[in-house]
Amino acid sequence: MIATTDLPLWAAILVSLFLLVGAGLTLIGSIGFLRFKTFYERLHAPTLGTSWGTGGIVTASILYFSITGGRFVFHELLIGIFVTVTTPVTLMLLARAALHRDRSEGKENIPGSQALKEPGATLIDDRK
Amino acid sequence: MTTPLSAHLVIAPILIPLITSAILVSLDERRRVAKSLVSLAALVLLMAAALELLRIAIGNGGETVTTVYALGNWPAPFGIVLVADRLSVMMVLLTAILGLASLIFSLARWHRAGPYFHTLFQLLLMGLNGAFLTGDLFNLFVFFEVMLAASYGLLLHGSGQVRVKAGLHYIVINLGSALLFLIGVSLIYGITGTLNMADLATRIPELPHEYRIMLEAGAGVLGVAFLIKAGMWPLNFWLPPAYTAAAAPVSAIFAMMSKLGIYIILRLYLMLFGEGAGESAGFGHYVLLYGGLATVAFGAIGVLASQALGRLAGYSVLVSSGTLLAAIGISGQHVTAGALFYLVSSTLTISAFFMLIELVERSQDAGANVLAVTMEAYGDADEEAEDEEVGVLMPGTLAVLGVCFALCGILLAGLPPLPGFLAKFAMLSAMFNPAGLGADTPVSMATWWVTGIVIFSGLAALIAMTRAGIRTFWASIEGVVPRVLVIEMAPVIGLLLLTVALTLKAGTVMAYMEETARNLHAPSGYIQNVLGLQRIDRKEVETP
Amino acid sequence: MELVLAIGIGIMTGSGVWLLLRPRTYQVIVGLSLLSYAVNLFIFGVGGLKKNAPPILPDSGVVNPATMTDPVPQALVLTAIVIGFATTALFLVVLLASRGLTGTDHVDGRETFK
Amino acid sequence: MSIILPYPLLTAFLVIMWMALNSFSLGHFVLGLIIAWVASASMAALRPDKPHIRKPFTLMWLLATVIFRDIVISNIAVSTIILRPRKHAPRPGFITIPLDMKSPSGLAILAILVTSTPGTSWLEYDSNEGTLLIHALDLEDEEALRDLIKNRYERMLMEVFE
Amino acid sequence: MSDNDLLLILLLLPFLASAALAVMPAQARNLAAGVAGVAALTALTITATLYLSVRGGNVLRVTIEWLPTLDLNFALRLDGFAWIFSMLITGIGFLVVVYARYYIAKDDPMPRFFAYLLSFMGAMLGIVLSGNVILLAIFWELTSIVSFLLIGYWHQNAAARDGARMALTVTGIGGLCLLAGLLILGHIAGGYDLDKVLAAGEAIKAHSLYLPALVLILMGALTKSAQFPFHFWLPNAMAAPTPVSAYLHSATMVKAGVFLLARLWPALSGTYEWFWLVGFCGVVTLLLGSYFAIFQQDLKGLLAYSTISHLGLITTLLSLGSPIAAVAAIFHMVNHATFKASLFMAAGIIDHETGTRDMRRLSGLFRYLPITATLAMVASAAMAGVPLLNGFLSKEMFFAEAVETHADSILDRALPYVATISGAFAVAYSLRFIHTVFFGPPPRDLPKAKPHEPPHWMRLPIELLVMACLIVGIVPGLSIGPFLHTAVISVLGHNPPEYSLAVWHGFNTPLLMSIVALISGTVLYMLLKSYLAGGEDGPPIFRHLQGQRIFERILVTVSWKWARWLEANAGTRRLQPQLRWLVGLGFAAACVPLYLGDFQPRQLSFTEPDIVFTLIWVIGCFSALGAAWQAKYHRLAALMMLGGAGLVTCLTFVWLSAPDLALTQLLVEVVTTVLILLGLRWLPKRQERVDDSVRFVARVRRLRDLLLAVACGAGMSILAYAVMTRPAPEAIANYFLERAYSEGGGRNVVNVILVDFRGFDTLGEITVLAIVALTVFALLRRFRPANDSIEAPEQQRIQNAYDDARPDRSQGDTVRDYLLVPSVIMQWLFPVIITFAAFLFIRGHDQPGGGFAAGIAMAIAFLLQYLAGGARWAEDRLRVLPLRWISLGLLIATATGMGAWFFGYPFLTTHSRYIELPFIGKAPLASAMFFDLGVFGLVVGATVLILIALAHQSIRVYRVKPSEPANEEKI
Amino acid sequence: MSLVILSWSVTIAQIALALAMACACLRMFRGPRAQDRVLGLDTLYINSMLLLLTYGIRVGSPIYFEAALIIGLLGFVSSVALAKFLMRGEVIE
């Protein structure tokens, strides 16, 4: 079903390599995401997918379309850029939120957890 | 070479409110006078357009002239067409009339109860007119949604707990029905490959069996969506609360909305499942007939059980809808003619009644005035200017209100001589004599049922209206005369006078309805007109 | 593929209907959203399923219609998506208003009826 | 310059983005320029903190090494951790790093770098105290990490932005 | 002026006068009376002159076309019978007007009274003059309505209101039945013209629908004429002003029923059913009415029951089916009208002068009102059937008929005795009327101390009527004879039976019966005298069996209690049952045709399996189920799973060649998620509770819902599978694919459909969006959160408290630090997203994208800045004027559509051509692009408006209301 | 040959990505906390974006690129909103 009549073998191998690396990293990241015990550990896992997971597949795509199209196209690179720039936003905001929630619940082993529990800061009603 | 503007008259009932609303949005909320004037001018234009369309549709020799307008210059089964025939034009005119009446009524106070009243009002009219004029099934969906969206806004106009609660139910039900609509339309498209109503009518008779039953499934689902709008029992419990909760002028125009469901059932049922539909002819007519009867019965019971006038009016909408559904289910040409007459008269009546109720109840106590309560509790300070309604007070208020109330009662109960009676008589007489007077055909069981239930509903309305009228006008403590302005009373009187005019010119009106019904039952003229329309040739026009 | 999609549509419909019949406004709005996915997919499906046959013409503009998927259902779905979005927004605000005015998020505006 | 073209780098990026998305033709250059100009002007309306990139090449060098070296390495490291059996569990933990950099843009780049590198995540930046809280997946070598962020990333970024 | 015109004028005159009276001021008493009197007198004169044209059996007909297709025309028909009735109506009408002028008190609005009275006169004339049975029914109901107003004239009085309502209800029911009956009659006769109906008599009687028609018509006639078992409304109608009673309840309206029976006599009578139905009601009414009359304490009550009884007499006569009986019936109609009207007026004078109508308080009034008393005595005698008075004549005819054998049956054989007994009762109550009121000791405790004779004008009508009784009673042949003859031949045809109007027929059985009745009646009165003087109101035995009370109770039960119960149980005000109906019926509507059509699903095909697609859908299904599972207690989780389902939907669109849909769905997905999140803040907190899941009822309900959900899901699956696997029909799609480029100027066919082929849909669709945005905005301006969500969210309170507690921090530091770095990136993205939106817009016509997608993307760009900096921050920098965008968008789209007009094309016709641009070269320019621009603008405006309006709720300051009990319902 | 290699690798990559999506989805289900779910959804988005890219290679058409681009550029917006909701109880202050 793939219209790749004009793709040379080396290119096919290269594209496949990048593809498999990218997809593999993403899968590993997601497995880690599933396996890790705490939220803060899990936070690391998806970045495999957003870094070289994405990188691999974007590269594969650029290679593939540049070679089949006969000219260099790199608009996929934009995806890489955007993902790299936007993922930190999500992760930062989320991590800080998790920190807040853990602190306000007084979880052990969380930096700053005691600070919230100081007198004057009692406010947690533990609904929800 | 340009065609005259009048060639585009068919689309005027849609564009006039659309453009008006766009202008209204850009006007500042505080410029109420300007907004009112723009809105009023639009309705006058709309009325003029509708009358002109009516004149065209009647034609010279009494034969219907069906005007087809191909949007984007794409011919019929492919592009969207607007079709102005007797029925759609009549509905558009009725919309314009109710619209004008409600708008005038609202100018006394209601249009100030929240932002964007005029805009939403115009868009509601646009939705209604579009739905009446379109010849395309999916475009119908779009206009249904335009109308519904505007109706949500209008129903919630003025806010307050009652409205919001009723509005919530109303919205959920209609979202559900929109989904059914989509399922139905897409199924029909999947089976027949077309969305044009006329084209559908030509394709249905040729469908093989397997396709036909799937088409019927689609039509069934679509039918449920329409029946929700028309208010058939047991899909109508949302209707009385919603219509009651809405502000009076809104309820008054809502009276037209339930008729849209009826209109579309009438049109599609007769066009798609009329006698020419082959194996599918008469599909689901029992549902319409007995569902309609159940609706009348339920509506009548509700009318009896209503303490508040608003609910009574809401249930009257159901009675009216049910009667029409049952009449469509009977599916005889003369019955349809009577039903059309009934449609017009009952819509005018209910609309007038909704407005009247607000005026009548105004005298009872401050609690009845939802507006005042809402304003007091939740109103933003910037919302309401201090000006109390300015305008000429109605002289002889109580007497006028009383007379109008009595007329409404007579109309709702179907008592003679007003059109409520004439229309019921026309329907029943046609049911008893399907082949015309003098042909002693056996009277069908359905006829007995309809007769019985129609009489029962009339009786229920009579009892309830007397009860309510006595309570309101006779038993109330003297001295509390409501403040009613002339511009509030005028639309009520106007609508009621129209019913009187319908009585006096009943012969002419019935002749129109007969011809309309004939066209509906023999839709080949409509179909030929729609499918036969040629595109305007581009080259011909471009070379000067 | 048809089978998978059909089952998927069925499950989305089922979940949506279940939620639609629940008493909390939030459940209803989620249910309606699920139902509109299902219905959109259904509309889309009636055009027939074709892979890699988007109704986008080549530069020449000439095309064999048989190689392309039916664009009409897609156009209908687009309209349906927009209208669905609009009505979801509206419903959301109305349910908020109802919650504000009645104090509860029950669809009937009170906890237990009667 | 600043009125007509308030963000030249941004505008350039947008023009390239436009042409990458459409095509590298004169027509699209002109069109892209117009659109990029409008977009930059609207950016100006936001009145953001306007970074002054002193050493663009240092920045590019930093980015390149991070992307092609640090991130690759940590990709491998984290993959190993994940694929390793449970008993070889890593030693995750929090570390607080005092930062001297105040430039929001510099911090943003730092955040991107830290976050994009698997194995470290940015948790909290306290602007009053100038400290950064980080979570590391494997704290085997805490000092190395501290050193990487403080002395390499932060220092280079401060060179670029401050 | 021709007779035809006169006839028309006769009918219209009362209505015109009524209309004139309706607008007169309440003080214009004399003017009102004058107008009414002149109108009535004119009507009387016209009627009198019209005699010439009906004499000898002629019929005067006027027909004005009204609803010719339905055979309902404004047909008037004056024959002898109608003429004699018209005389009664106009004549007594005139007298009542004169009487009422003096009767109606100063405080009551006289013009209104006369307006009602004259409309009634018109309606009544309408009944008798109708030449079309439907027209007759119309006037019939009109009399009911006007009588309602007349009885309720003193509506301050509860009895008047109740009486009015009951009269209307009963006669209204009757009228509706009558209409149904007439419909059947018209069906059989082949038309509604009276002549046609009368001519079809034999066909009618032979028809299978004769009995239903008869019963329905009788329902009308018997209710109107207050016949058993519908008699009870009449005594209650006595709350009406006396002129009304005199006019409606003796002379005219109650006669309408028997008039109709007589009118349709040729068409309906003479059958077994007729005899039994009509006869039974008549006889029972005759007897009961007279019996009840004896025991009334209210003067008007006595007269009312007497009227009932006399009408029963007429009904009985008509039931017999013999022509002579019919003659007697017609004669008695006239006679009864004269004496009963005068008696009512006399009763009115007594009431007027003494202030009471209670016979226990009235006594010896002869000394105060000698003339009135004399007149009343004569009229009473007529009522009792004393010789030399008109009542005697018709009663003799009745007795004569009673002894004849008609249809050999119990009823027939009992008739002579019933007649005699009722005659005796009539004597008794007539005697009572006279004796109690006028004789005996002077009254003691009258409300008005000094009764005296009324003004002469008030007495004049009685004098005239009593004179008529005497004249007819003494010289019947000379006075009433010819007129009666004219009436009789108009009902019975030109060969009427032999009848004699002589006063003396020799000593025969009827006379004997009269004598027996006179004597036994007198004796009966003597016996009952003392009982009656102190007795309760109403007859013994039946006192508690009051028809009126039973009726009221039934009415309340049926029309209120049952109705409310039914309304509550056949309907619901709850949402869930309604949705269950909706879903269930939608399901049924799809399934029933399939089931009936014996639908065979296709063989499942597993060819071309797509593992990835299947995996995606596994995720999709789990997400959907998860959302359903979590939506109650874990809203956020459900929202995310909903997002998962949406994502799978997008992937499906991509997989199956719908890139445009995927784009749009993705964008909408983002906005919807944010929107719902914005709303979540205002919903109540919910804790997982276990108790409600174990309740049995709840479980059953859930099981039912689950089954419904499963059924719907399965149904959709089957339907979807069936429609997806069927061979594609010859669709309109090919047309679009073929012309999208050549005529639509675009290569993205979906987009060309949206902006060109079906651009009208899009116009509607964006209108919906605009409407919703405005509505949301309007609604949120009045938004008021629930008490328990007014406070800032818990997180903010904790963080603020933390900031406050630390000396080195100030409130807001936490959130500032939180967003410090992310917001920088989010700001960078602002121009990027704008550029991207432009990209989506520009290429839309040829590639996936378009105005809608671009608009949403643009809105997200704005949204992101609100997220980054908060509403105040964003609005400090960006002045988005969403309303402008909406208005402009709508105008641009519409104007583009109208632009085609200038080239002579219909709305929305597009033009595309290539234009030469400097630097750029040839560029495509389609007018559809402008349309899309409108779409873009509107979508940006609407989306932003919705989001902003919702976001602003958080920064609004709400007044906390101290207590609101309605909201404290929580248990 | 290149066709075989490429089609196999694309298929494997797609399956891997779909499995990755399944993992993310599972995390979204299991939680245990809201932040885990948000992260799950975000990962789901990214993974599906990559899947779209591979789909583009598979069918050799750049037409599906925009959908991936939208996820890449705008997919994070809903995650941001969710995160902010967790942190502040409110999305826009």
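In order of appearance the chains are A, B, C, D, E and F, and numbering begins at 1 in each one.
We take it that a residue touches a chain if its C-beta (ideal position, glycine included) is under 8 Å from a C-beta of that chain, and two chains touch if they have at least 3 such contacts.
The shown structure was predicted, so the numbers you read here are calculated from the model rather than taken from an experiment.
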| item | value |
| --- | --- |
| Fewest hops from chain C to chain E - one hop per pair of touching chains | 1 |
| Chains in simultaneous contact with chain B and chain D | E |
| Farthest-lying chain, centroid of Cα atoms versus that of chain D | E |
| Chain pair with the higher count of C-beta pairs in contact (E-F, D-E) | E-F |
| For chain B paired with chain F, centre-to-centre distance based on mean C-alpha positions, whole Å | 48 |
| Centre distance in Å when chain A and chain D are each reduced to the mean of their C-alpha atoms | 15 |
| Centroid spacing, where centroids are CA-atom means, of chain B and chain C in whole angstrom | 28 |
| Set of chain A residues in contact with two or more other chains | 1, 29, 31, 43, 50, 73, 75, 78, 82, 85-89, 91-93, 96, 100 |
| Numbers and ranges of chain D residues touching at least 2 other chains | 17, 21, 111-112, 122, 124 |
| Two or more partner chains touched - positions in chain C | 20, 25, 42, 45-47, 51-52, 54, 56, 72, 79, 83, 86-87, 90, 94-95, 97, 101-102, 107-108 |
| Those chain pairs that satisfy the touch definition | A-D, A-E, A-F, B-C, B-E, C-E, C-F, D-E, E-F |
| Contact set on chain D toward chain A in their complex | 17, 20-21, 67, 71-72, 75, 78-79, 81-83, 90, 92, 94, 96, 111-112, 114-124, 133, 135, 137 |
| Chain E - residues contacting chain D, complex | 808-809, 813, 816-817, 820-822, 824-825, 827-828, 830-832, 834-836, 838-839, 842-843, 865, 877-878, 917, 919-921, 923 |
| Chain D residues touching chain E - in the complex, by the definition given at the top | 7, 10, 14, 17-18, 21-22, 26-27, 30-31, 35-36, 38-40, 42-43, 45-49, 104-105, 107-108, 111-112, 122, 124-129 |
| Parts of chain E lying in touch with chain C, wherever the complex brings them together | 573-576, 579-580, 583, 604-606, 608-610, 613-614, 617, 620-621, 624-625, 627-628, 631-632, 635, 638-639, 642, 645-646, 648-649, 652-653, 655-661, 664-665, 668, 671-672, 675-676, 679-680, 682-684, 686, 705-706, 708-710, 712-721, 723-725, 728, 731-734, 736-738, 740-742, 747-750, 753-754, 758, 761-762, 765-766, 768-769, 771-773, 775-776, 779-780, 782-789, 846-848, 852, 942, 946, 949-950, 964, 966-971 |
| Residue ranges of chain A in contact with chain D within the complex | 25, 28-29, 31-32, 35, 38, 40-41, 43-45, 47-48, 50-52, 55, 73-75, 77-78, 84-85, 87-88, 91-92, 95-96, 99, 110-112 |
